[in-house]
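The same chain A turns up in both complexes below, where it pairs with chain B and then with chain C.
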Partner chain A sequence: MIYGLARMIFGIAVHGAPYGSQASASALRFAEAAVAAGHSLHRVFFYHDGVNTANGLMVPPQDDPSPQQGWVTLAERHGIELAVCIAAALKRGLVNEEERNRYGLNAASLHPAFSIVGLGQLIDAIGSSDRFVTFAA
Partner chain B sequence: MSTLHVINKANALPACLSVAGAHDALLLIEDGVYAGTTARSPQRPLYALAADVDARGLNERLGPSVTVISDAEFVQLAVDHQPIVSWR
Partner chain C sequence: MEIRRILYMLRQPPYATGHAVEALESILVAGVFDQQVSVLFRDDGVWQLLKGQNGGALGVRTIGNVAQALPEYEVKDIYVCAESLAQRGLVVDDLVLTAKVLSQREQLTLISAQHAVVND
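Coming up: the complex of A and B.
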């Protein structure tokens, strides 16, 4: 394998739920390796069951690596946007304060490090990255 | 530039092989690494992700045509190919 010096912009999509699929954990390891190699990652798009990564009401066991905490730490450290598809999120009960108010729900459930976006942001992430990698369910 | 096919389920490999181009590369990840015990991919490079191979205890069971790679090498494979197609 030839190791290039090219620094690229990566985009990542996560389609599988944490604990139900390996997608979120695999994508996180890839993202960490990409950033460690000097590449940039502007946005991670959580889609389909992948949006469950953004559930702010999860209480993971302290001795078990949490994909969500891994994403939050990586995003804070490197200024990465954690984007959640609005259609996939709403039907799974993942709402921020704005959507909670809009639909008159009892509580907001989205972790504050994640933002709710439209599908256009997926297209934008694909179009504005040199490489786009999808982690399927 | 050639395509990198990422396979995360062993049973997706035959379908992938049936359409993959002659110069494409294939990477087995997650449960896809089980396909590395029997897979034959003459001509095309066939890789398997080390973390997933280790997690399933398959280090001694992969076929001779399978090259085990690290997460960093997965990133480099993605740099060296375009597009990256995920199968399931």
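Coming up: the complex of A and C.
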């Protein structure tokens, strides 16, 4: 359903930590609303403390909505890439199997629905979007 | 890919969190991707440009030095908010690099001319 707007491609950056900031939850609401209104979203770029959204070792309180689960569900349903900046992720202990092996770490911590990318993917997301929205920390 | 005009708006103080250094790092990277990148320092972000910083005393990088590297990474359009400077008792001579001072109205024009604004 489009409400008086042309169909657009949105790009989203999330800079705030889940639980510590409203950024991740607000970005998720925005993304859900955009998709529900008929717009499309190719990639969500997580940077700064926003990369913690991708922590696969979080155990959310049962009564609270999990921002991570919200992103994963949205991404799977609509084919959206959940991209985590490699520089911001590594120093916060967010590693996939490849990085875990590269650095000889005990475990991988990145949720499998998220991918580790370079900052060039942010530029690419900006370049391929009609509108780019930052959810700041 | 088509060249995009991307404005980074830096609003956070240099040392309270690790935010400023990460924001500047991402701008340095954006600069080498052949985009038309500009930076606007405003609110507490203007403190990032203060002369005489010494991050070493805190065991971190000196943010002013990182900011000074912007022109070397093809980020040459650097702006600072006039009102943010005045509110903090700062003048352009207090800053580590040459920045164009913009009024609120001029910032509106700058923002309107962008493809994307990264609110950092």
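By definition in this document, the second predicted complex is superposed on the first by the 133 of 137 C-alpha atoms of A that agree within 3 Å, B and C clash if a C-alpha of one lies under 4 Å from a C-alpha of the other, contacts with A are read in each partner's own complex, and residues count from 1 in each chain.
Rule of thumb we're sticking to: a residue touches a chain if its C-beta (ideal position, glycine included) is under 8 Å from a C-beta of that chain, and two chains touch if they have at least 3 such contacts.
This structure is a prediction, so every number in the text was calculated from the model and none was measured.
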For this session: Report for A:V51: first if it touches chain B alone, second if chain C alone, otherwise both or neither.
Result: neither
Exercise. For A:I116, is the partner it touches chain B (first), chain C (second), both, or none of the two (neither)?
Worked result: neither
Exercise. A:D124 contacts which: chain B (first), chain C (second), both, neither?
Worked result: second
Exercise. Taking the superposition as given, does A:A75 touch the first partner, chain B, the second, chain C, both, or neither?
Worked result: neither
For this session: Classify the contacts of A:Q22 with the two partner chains as first (chain B alone), second (chain C alone), both, or neither.
Result: first
For this session: Would you check which partner chain A:A37 touches, where first means chain B only, second means chain C only, and both and neither mean what they say?
Result: first
Exercise. Thinking of the overlay built on chain A, is A:T134 touched by chain B (first), by chain C (second), by both, or by neither?
Worked result: both
Problem set entry | Partner chain(s) touched by A:A87 [first = chain B, second = chain C, both, neither] | second
Problem set entry | Footprint overlap on chain A, where chain B in one structure and chain C in the other make contact | 132, 134, 136-137
Seminar exercise, completed: Within their complex, chain C touches chain A through residues 1-2, 4, 6, 11-12, 19, 22-23, 25-26, 29-30, 33, 35, 115-120
Exercise. Considering the complex alone, what residue numbers of chain A touch chain B?
Worked result: 1-4, 6, 8, 10, 22-23, 26, 29-30, 32-34, 36-37, 39, 130-137
Problem set entry | Parts of chain B lying in touch with chain A, wherever the complex brings them together | 6, 8, 29-31, 51-52, 69-80, 82-84, 86-88
Seminar exercise, completed: Per the touch rule, the chain A residues reaching chain C in their complex are 11, 13, 15, 47-48, 85, 87-88, 118-120, 122-124, 126-129, 132, 134, 136-137
